[in-house]
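You will see two complexes here that share chain A, one where it goes with chain B and one where it goes with chain C.
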Partner chain A sequence: MGFGPMMSSLLRNKTGPLLVALQIAVTLAIVINSLFIIMQRVEKMNRPTGIDVDNVIVTYVRGFGEDFDVVSSITNDIDLIKSISGVVAATVSNHVPLSGSGSGTGLRAVADETITPIGVGRFRWSEEGLDAMGIELSRGRNFYPQEVNYILPTSENGTPPSVLITQDLAESLFGEEDALGKPVYWGDMEASTVVGIIGHMHGSWVTWDKLTNVVIQPGKPAYTTNKYIIRVEPGMRDELLPVIEQKLGESNRQRVIKRVSTLEDLAARSYQQDRGTAIILSIVISLLIGLTVLVIVGLSSFHVTQRTKQIGTRRALGARRIDIIKQFMLENWLVTTAGALLGALLTFALAYWLEVSFELPRLDWRFLPAGIVTLWVMSSLAAFEPARRAASVPPAVATRSV
Partner chain B sequence: MLQMTQIKKVYRTELIETHALRELSLSVNEGEFIAVTGPSGSGKTTFLNIVGLLETFEHGTYMLDGKDVSRLNDDDRSAFRNQKIGFIFQSFNLIPDLNLFENIDVPLRYRGLPAGDRKQRIENALETVGLASRMRHIPAQLSGGQQQRVAIARALAGDPKVLLADEPTGNLDTTMAHQVMDLLEQIHAAGTTIVMVTHDPELANRAERNIHLIDGRVSGEEFVHSQDEIPQAVKLNGSEPLVAQL
Partner chain C sequence: MFNYNIKLALKSMRRNPIMTALMVAAIAVGIGISMTTLTVHYMMSGNPIPEKSDTLFAITLDSWNPLRPFNDDRPERGPHQVTFHDAERLIALGKAKRQTAMFESSLIIEPVNEDELPFEAGARVTNADFFSMFNVPFIYGSSWDKSADSAAEPVVVLTRELNERFYGGEDSVGERLTMQGIQFQIVGVIDNWEPTPRFYDPINGGFQDINEMFIPFTLTRALELGSNGSDWGWKSEETTTFEQWLNSESVWVQYWIELDSGSVNDRDDYVTHLNAYVGEQKKLGRFERPLNNRIFNVMEWMEYHEVVANDAKVLLGLSFLFLLVCLLSTIALLLTKFIGKTNEISLRRALGASRKVIFNQQIAEVAVIGTTGGLIGLALAGLGLQGIEYLYDAPAGLVRLDWIMMFAAIGMAITSSVIAGIYPAWRVCQIPPAAQLKTQ
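Right, the complex of A and B next:
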């Protein structure tokens, strides 16, 4: 059948095809926007962290008892950990990057309270901190051991003279200017000097837009709960994790090991919501696509059954099997394409609404042609079996059926 | 025009075999108008379907328009039907979603004719059946008799070698049946070979020859018209189109 007669035939029986076209349009809009969101989340989860996440173990320990000596406990623990073969470096730290728990502050490039400070994540760790996380210093120097002191909750520590900052923070503070050697000002207008620049690293809160603004002060935080960050030789993490737990447990009965886990696990927990969203949207997409395929198969099968006599007549009048297949495929293609056109409008409307209401990034328009092509393929596959069945209607149906 | 020798057709289901045609032999000359009669279940439709290449048969040979059509593949059979055969069905078999023009266009499109040629043929065919003014109507807007005339126009538009009709008046009242019969006679008079299955003896009498089927066999053959109307020579060798003699 030609294009013209097919259009008029479709227009004379609009309801079914119209509903299917609508279903296709809605599917396209939801699938494309969902896929876009999923891609965003996946990209977010796979951002480079600047940290050797795969080979880092994190231990949380907590001392108890009146005479618990936190400083010697930390010193002994770090020494013990480093004596385990396979351990590359270890530090005590106030917070664990990517873990969702951290502290933040504001920094300024000049001592002027009227300037809005730049938000940063703030860490304190020893001269082994960078090594313990596999973080690379791009310029300047690391802390000297003599700059690193124990920091007790009770003691007055003053402002550390030296800090490391990330490249992103350096640019936020100083723009094009070189940050190395420059002072940065804390909330109390005390200054520290930037001695080293870290090319790239993530701070504690993965959902924060200033995640890559990080300042590091030298120090060994000695609180009640202490966090040890330990880097091991590649591939040894899972093997060493229980060893570390056991050795720490045996060495000192005055503190409990609260948790030993991989940084990978901690980071995964921080991205739980993103992963959850991606999974739920994937399920929604799959169900929706499944449903749409069923609807297309359903409508096509219905058309075949409804038109058995018509098909027989067409065969009697000279249609080859391939002509019948073509007819059904073309008809399905027309409905799909009508749905896709409507769906394109819906897709952008939905994307606009998401962008405005939820501050989602703007939809990459290239998703649309990709979606439409996929839709064509999918809908053709869905319609093929019914079309094949139509083509197998024998021509004798023309004279045999009433 | 067409020669069948010892055609057999058996329908097999799991339980039974039905011998719909048993060694049927028959030949039809170009320009003849044949009526096929017989009791229900005697094989009339089966015979017509085999003549029209809608069904295959198991045994015997069938020559249509000088070609052995026993071993054509499915696509070739379609092409053959499309080019050589015009069908008229008891229940008209128009496509309800298409208007009259588009309905008649169906077989012409399968033949791949250019648009201008198709338009010409459709208009002529509708003219012949007296429905040219209704071209844009859909079948539901027509009476049964009119619908059957459209179906006849559809069969004619392709210039078939032979027109096959299975109870073409079966769904029509007497007046409309006569109109359709008049039309078929007119078409026959213009030179088209017609094979028509009918229950109605009166209609059968308007054909030139009656074939009576019983139980899948030709049980009787009768020349309806007098010998001077149908020259014996034409019936025997079919060398000249019948109309030429009239």
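Right, the complex of A and C next:
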């Protein structure tokens, strides 16, 4: 028993179940593709940065006026910041990693202008830079204090003798070979020597495919806007942020404090688009799943009410409660499975469209079986209560006129 | 008849409140989500200056490295900004009806009173033509004279916001502001002007707040103004003095022209002028790449910079699929519900109601459901857009439902629900009169 009455009721009214199957199919396609996009974005936002993001404060200041001396201003500011208890290290930097604003250039392993250079993000900071960012040097050495000079806009370009580079950049430039101690060549074919290798760090532009290619030059940039990177003891960031802002503001009235913010906020801003998309898609699929579940519950309940007489008759003829539950659950399962099969096709069609039109990564096929299993469970849960209600129809109903 | 249909519809809706609520909810969330993404897309892809978008052009000159193109992935493209000295010379040549060069900078406004704090304000460094080219509206005063451009006079045009801050919204024309130690004379205050997207500078973000003031491009030298926007360079050059930097091959200035018309003829004419200029420069040993000078009108320039984010398109596509699911739900629910009304319909048919009457009555019910769902959906879309502004930290009011979008939402809700209702209504009409009554 089982299939007889179920198939006959499904076939008697084909359009209803067909519509539900179609709805399930489109739902599956949207949910799986959206979940895949969400996972991609979450993964992207959670990539290790190599930086102690949680404990870094960034400050942008700009001096003005005839007698403003940028070098002494920076020197005094850094001394002042380091005198605040709880501050671990501080440096002035040309740019702030993860902030979306940066400097890029090209490097080569050999002095040959015809070779396409490797794209890199470039930072310039003092011997305290690594400590101020909480970046680990995996091999070699940090800058010596005597290698670090103030760089004014009017300074000679002066190629730095030593630089630090990331492991990823080392591999792009030198492959298997050890980069430590080797020269790297800038656009003007001048060379700097790699004195240290950073295991891993992110540069300025989080959407750039060469985000982990970073070169660091020694120096204290003394440009119009001075950017200070400050690392504090764990847990003290929010307490120290207003203190730093206030002390800097009071110490020198010839400067505008443009912004004091946490590196976490700056990085979050860089990932705004990804986070926004992930949140919107999460809302969309929650609403979608909620709607589809409610529709299944609503339609099943309605069918139960419609078929009270049929159920009563079957019960009167000897069908047990469990048989009635089975009938409704199986009916629901058949519709769901038909929807899932069509949905599998739609899922791949949608994934193909997203991949081709919008350069999104290819859908991981393993999302599909996982999605179908979840669908089975959810639609069974949705159909269970109406089925149970159907089973409670007393056999005596058959004798009554509805 | 119409009122009677609506009355019957409301009665029928009340009989099955859960089904009715589900249908209204389905249409409401479907419309809410799709209108939210549609509005975002509509705003991003809108024409920010429809009256002139065909006659305004951004130009690109390929002054890049002879060894490799500006963009390896799109080798046909030159750099999307020009060098400072090319901009200066093109303005001097003045071959278009109007022309403007510009970049984004910032200046410190020094306090008038001791107790005020100095304040950094963004500035667009440009020339007098900027205002007439882009139809910038003024509340007080006007643009500066062209003579101020040639004499590099320290004049400034403020935005409404900055004028509120410093002069409480009063007419400030003729007042003076001290910036970088120099007294600037205020010549005009512009009204709220927020072209969306910010077409004249998509390079530094198409959807950001507007700059706070405007000063002449010719002041760049005297004030040694640096660009806050992006700059690209390819050549190793000595740039220790500001003059060397201005004469370098770095590209950091945006250049726009206005032509009499957007005709192919006028466009070609102007490109011919550009080619002639570049030809002269080639004789001096610059522009070593093949001749590649192009002009792009406003919408072409938006396309070039892919102002509409891919994510916005993906969300739009997915939310319309979502609307499809909502419609499928509605059809399924309607069908089930109408079948439940078989007895009633049979009776009405037996009492003389024609098929047409029955059909109209079902459609009226669907239209009532659609309108209710559409109105709730509109409220949801309003909420959704506020959420988007919050998520993307957008200036308040950047994305909002205008009248067009509101009518579109309601229209879409009614149309789609009526389409959803046609098949179920037709099915109901097939019920033979009194046939159903017999089985009782």
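Methods note: the second predicted complex is superposed on the first by the 392 of 402 C-alpha atoms of A that agree within 3 Å, B and C clash if a C-alpha of one lies under 4 Å from a C-alpha of the other, contacts with A are read in each partner's own complex, and residues count from 1 in each chain.
Basically, contacts are C-beta pairs under 8 Å (C-beta built on N, C-alpha and C of every residue); 3 or more make two chains touch, one makes a residue touch a chain.
These figures come from a predicted structure and were not determined experimentally.
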Quick one: name whichever of chain B and chain C touches more residues of chain A. C
Tell me which partner A:248 touches in the superposition: chain B (first), chain C (second), both or neither. neither
Mind working out whether A:15 is in touch with chain B, chain C, both or neither, as first, second, both or neither? second
Could you tell me if A:320 is touching chain B, chain C, both of them or neither one (first, second, both, neither)? first
Of the partners chain B and chain C, which touch A:132 in the superposed model: first, second, both, neither? neither
Classify the contacts of A:33 with the two partner chains as first (chain B alone), second (chain C alone), both, or neither. second
Taking the superposition on A as described, I'd like to know which of chain B and chain C A:395 touches: first, second, both or neither. first
Does the superposition put A:114 against chain B (first), chain C (second), both, or neither? second
So which positions on chain A get touched by both chain B and chain C? 13
Help me check something: in the complex, which residues belonging to chain C touch chain A? 18-19, 22, 25-26, 29, 33, 37, 67-68, 72, 108, 110, 117-120, 180-181, 226, 234-236, 238-242, 309-311, 313-315, 317-319, 321-322, 324-326, 328-329, 331-333, 335-337, 339-340, 388, 391-393, 423, 427, 440
Quick check on the complex: what are the chain A residues that touch chain B? 1-2, 4-5, 8-9, 12-13, 309-310, 313-323, 394-396, 398-400, 402
In the complex, chain A touches chain C at residues 13, 15-16, 19-20, 22-23, 26-27, 29-30, 33-34, 37, 62, 64-66, 113-114, 116, 153-157, 186-189, 224, 256, 258, 269, 272-273, 275-277, 279-281, 284, 287-288, 291-292, 294-295, 298-299, 302-303, 306, 350, 353-354, 357-360, 401
Contact footprint of chain A on chain B as seen in their complex: 45, 48-49, 52, 54-55, 74-75, 78-79, 81-83, 87, 89-91, 93, 95-99, 102, 105-107, 109-111, 138, 154, 158, 166
